[in-house]
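Next, two complexes with chain A in common: one pairs it with chain B, the other with chain C.
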Partner chain A sequence: MINRYRWYELVAIYAGILVFLGFILAPFVEGFLVSLKPLGLLFSSPYKFWPENGSFAAYVTMWESVPGFARYIFNSFFISTIVTAIVLILVIPAAYAFARFNFRGSGALLGAFLAVNMFSGAVLLIPLFRLMRSFGVLNTYLAMIMPGVAFLIPSAIWLLRTYMMRIPRELDEAAFVDGASHFYTLRRVILPIAMPGITVVAITTFIGAYAQQFIYALTFNSKTEYMPLPVGLFAYFGRQEVIWNELMAASFVGIAPAVVVIFLLQRYLVSGLTAGAVKQ
Partner chain B sequence: MSVQRSTVIFAWILLLPAVLYVTVIVAYPLVDTFILSFTDASLKKTTNWVGWANYDKIFNETFAEVIFRTFIWTFFSVSIKMIIGVFGATMLNAAVPGRAVFRLLTMPPWIVPMAIGIFMWGWMYNGQFGMISGVLQNWGLIDGPIAFLARGETAFWATIITDVWIGVPLVTLYMLAAMQAIPQDLYEAAWTDGAGRFYRFRRITLPLLVPSLITMSMLSLIATFNSFDIIWILTQGGPNGETTTMIIDTYRTAIGSKKYGEGAARAVLICIFLSIFCFAYFRVTSRLAAGEQK
Partner chain C sequence: MGQLNLNRVQKFYGTFEVLKGIELEVKNGEFVVFVGPSGCGKSTLLRMIAGLDETSSGDILIEGKRVNDLPPVKRGIAMVFQSYALYPHMTVFENIAFPLRVEKMPEEKLKAKVEHAARILHLDQRLQQKPGMLSGGQRQRVAIGRAIVREPKIFLFDEPLSNLDAALRADMRIELAKLHRQLQATMIYVTHDQVEAMTMADRIVVLNAGEIAQTGAPLELYHKPANIFVAGFIGNPKMNFLPVTCKGVSDAGVEVDYKGQTAVVPVGPHDGLVGRTLTLGVRPEHILLGAGDLSLTVTPTVIERLGAHTVAYAALNGEGENYCAMLPGTVAIRPEEQVLTGIRAADCHLFDEAGMALERRVELTDIDMGLLDPAAA
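After this line comes the complex of A and B, so read on.
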């Protein structure tokens, strides 16, 4: 058969996968081992890969070194959740409009939305800073939420539009013939069917919001109590030296909840991504 | 079904919130950047119109170097991402036991907050105690410790490798999806004719991947050109500005030195470059599409 591999082909494939995943996972392996090593072992030469007399002590002391750490995790989750909610509210109707109605200028408008992807944040930082200042939201959650939403809209629209285009038009038309209004059709017919697609968009948006909280948090917020995880981790950069083992322990604690969520939902994620990717 | 007026109005009502939002948060700042670039805006109360002065100021040798460096950095980062991505997708596409788990394991760099991945790399690059320098010494490949981020040449490549690492998962998964969309009968027909595995990859997989490769390179190009977090956390553009790309330079000028006007001029240049990329992309894809129809 075409998909039967000879033994040396199998060896080559697994070797290739090993090299590839080795590159992807090496920093995580090293980061985890670092979190187990006492500082004395970390700052010693020659380098030792395995943590001799390693322990989980850093996972305890990290809470004492940076007492606000739990707050940073909460902030990250809070910001990402609000961002995801706003994106969904804006994107669901827009994606439906793009998927169903072919009015004059709809193609150009869709193109304009996708062009937003070009100006990812950093380029527009100066006017955004002024804008946030004139809204009076600097040093609040909103300063990190508002720009984040805008740059997650384009890919969310694209993904959801692709999904909605696969819902048969006959459903809309049948509802319309029965006298349902446009709005009723969207709410009662389309939304329930589009739910799996909306779930995928919600997950990818959440991941994007969770992963990319850095530049706005760095620039638009200076209050410790509102800092999200990525900026909050700088608290482990002490005056003299970085407390590396605690920094790594804190990183793993910080990403654990997100990883659990993603792991539970990964089935939707992979299918949704591939659905959006192939149809271009 | 003819497009009725009420339908068009309904479509616009649906679109309005998103359009308004993007107008305020993206379109207005874009215009504002353009206007600012012709002023001497800073922390001072008064702002004066200065014409092309900001642009005159940035067209000097150092900035030409920054532009050149940005292009080299982007070029290598995108190319390496694409090569590793296609390699990874090919491996993960093989029908071997465990591939579902392997696919899942490619995702972490992408889903973990970027800053955390960058911290991990920062430690690995550490000269005195880091893993890379340490392992190379233990194997006897280098004599003394190398502080990768403290030397221009190595810092340049170190930031590229970290950027590649963060970008590879998405490229891999996208390429994997594209490979799975290739009709299986093509492979079977070639197999029946006695074509080997490498021949099939070179003559079927690669040519059919070209459109996806172009799309992904384009998306990756834009993201890489705008890449800020990695360089900022690892080197802040140092040592001696050897990892300063345009975006880092813009941030330094605008947020660091509070010279909003000069920073805006730099941002406008970045926008112009990005527009050129997009224009080129649309030209290439439309030509490809036209070629397919012939």
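After this line comes the complex of A and C, so read on.
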């Protein structure tokens, strides 16, 4: 079908895109501009959108105002990485099993996973707190990693299962006929072919872990040295005033490692890896 | 005891009986083709022999040993899939080496075996390429290579050529036949293409609705089909069927009546035929121009000129069934112009009301009997 738009239709479409993009990106732009302004200028009236005599000074002073900030970045990064690793280790075999084997209760289990996802972690905070306390893991990294893993597994299984179901079954059968065990088939055949799907799962899990650790850190951890980035940002809220420009600078520096990781991972999102496996 | 024996093998999906007690013996080194229309259970039977599908009841024996509960690799079979099922992330070398890697074969021995298989299949130049870079025929050869390196007792092929185009299919057919002679291995081959079945098989097993309709050498099925199904399935274009009435039975055969014309078809009769309606079968290639023992005047509606042959289609008066004749390539007939065709009684097949063939007393003098008996070849 050939879609030919008239000039005013094109204008309307692009205007629409512009509005929504602007709506989504404006806070980031404003945040970045704030990080460039001296603190005094932030509350000037009339408000100036563009920074006059802007500088990157806040990116230097932020390390001095909150000395532990590097540690918070590391904590965030560390917790998310461990969560992602654990989720992948658990989810890859699980998704393979759900995609390939017909076992009793597989449908019910999948439904249950979906149901778990409907509760946000916040609803379960109090029971989780009691659980953590009785296990004696409060105020450790484990307290932030365990619930993170638990709440990220369901969507990861659903995502990866769908991907694996698209891998032709004949590949498993061929490997089975050649004497390969299920785990051998998973490792040598399915895993390499499912790499793009696994990358997607890794990225979403990493982002999910980055985003949701805030609530667990706030409730299950009171030790400053284990605090992740979102909690750490509170340190810029002083008694009298909030150091907005440093806070914004810190936010941007804080998400930088995550951006780098995602940028590196997306190289593996190669499509068409199954080309030549079977004749479609 | 053959190399592969099937004893009353049954398969149920729920309560639906897919395979109804298959009995078959395959000898060492034989090339057996399972052929039949879609849904007849031929692929299911192959997958059961392979160990990919479970057998509901009955025994599958390989070299006298019951293998029903053994995994494929312990049965000593190798399978080639219709879709090739190559591992896209591995090179051709690694694809062929896969079964040996599973066995943890030492690297040197493995390399020698893979290279030997690659030489047989003319893949030596392709070993470092990925399957995505190969053509359909080459991919199929890689899949066969993966089967060869295991040195199985029995090769199983599940419609391996149906994804190839016509020219490649003809080439691969010849290569497979060569390969069979070279390896002297037992091969079981599933196809819905009767040309593949006729050209490659030592023995054809025709399956229909979960049962073996007939087992025999290709020419045996062609000249002496056991029932209407096999008669209609083997041969292209399809055999013509005419309703006839049995007038009498003699030593010479069965006398039949078709619209006032009578002819004696040389077949072995059984009791209670006289007065019954029988089905007369005649292959299009046996229809002659001009009068015969039975003569039909027909008006061709479509004429296909193939060069070597001319195929004429006509609707028989009052009967919806197409009447088809295969005539010489340069025959002078035209669409919508009446033409007289004849049938020799000796070329006819006769089927009773149950669809079973009355055995033809054909003089197979023009057929080399050696071709009919795979053991003599």
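The definition used in the following text is that the second predicted complex is superposed on the first by the 259 of 280 C-alpha atoms of A that agree within 3 Å, B and C clash if a C-alpha of one lies under 4 Å from a C-alpha of the other, contacts with A are read in each partner's own complex, and residues count from 1 in each chain.
Criterion: contacts are C-beta pairs under 8 Å (C-beta built on N, C-alpha and C of every residue); 3 or more make two chains touch, one makes a residue touch a chain.
Computed from a prediction, not measured in an experiment: that's the story for all the values here.
Undergrad: Give the label of whichever partner, chain B or chain C, reaches more residues of chain A.
TA: B
Undergrad: Once chain A of both complexes is superposed, is A:Ala174 in touch with chain B (first), chain C (second), both, or neither?
TA: After superposition on chain A, A:Ala174 lies in contact with chain C alone.
Undergrad: Quick one: classify A:Val116 as touching chain B (first), chain C (second), both or neither.
TA: Touch partner of A:Val116: chain B, not chain C.
Undergrad: Which partner chains sit in contact with A:Ile193 here, chain B, chain C, both or neither? Use first/second/both/neither.
TA: Touch partner of A:Ile193: chain C, not chain B.
Undergrad: Applying the touch criterion given at the start, work out whether A:Ala94 contacts chain B, chain C, both or neither, answering first, second, both or neither.
TA: The answer is first: A:Ala94 touches chain B but not chain C.
Undergrad: Quick one: is A:Asn102 in contact with chain B, with chain C, with both, or with neither? Answer first, second, both or neither.
TA: Once the two structures are laid over each other on A, A:Asn102 reaches chain B alone.
Undergrad: Shared contact residues on chain A, chain B side and chain C side combined as an intersection?
TA: Correct list for chain A: 173, 273-274, 277-278.
Undergrad: Which residues of chain A touch chain B in the complex?
TA: Residues of chain A touching chain B: 2-3, 5, 9-10, 13-14, 16-17, 20-21, 23-28, 30-31, 34, 42-49, 76, 89-91, 93-94, 96-98, 100-103, 106, 109, 113, 115-131, 146-147, 149-151, 153, 157, 173, 182-183, 186, 207, 210-215, 219, 229-231, 233, 244, 247-248, 251, 254-255, 258-259, 262-263, 266, 270, 273-274, 277-278, 280.
Undergrad: Show which residues of chain C lie in contact with chain A when the two form their complex.
TA: Interface residues on chain C, with respect to chain A: 50-52, 71-73, 77-79, 81, 83-89, 98-99, 101-103, 130-134, 136, 139, 146, 150, 163.
Undergrad: Looking at the complex, which residues from chain A come into contact with chain C?
TA: 168, 170-171, 173-180, 184, 188-189, 192-193, 273-279
Undergrad: What residues on chain B touch chain A, complex-wise?
TA: The touching residues are 1, 3, 6-8, 10-15, 17-19, 21-22, 24-26, 28-30, 32-33, 36, 84, 87-88, 90-92, 94-96, 102-117, 119-121, 123-124, 128-131, 133-135, 137-138, 145, 165, 168-169, 173-174, 176-178, 180-181, 187-188, 191, 197, 211-212, 215, 219, 222-223, 226, 228-229, 247, 250-251, 254-255, 260, 263-264, 267, 270-271, 274-275, 278.
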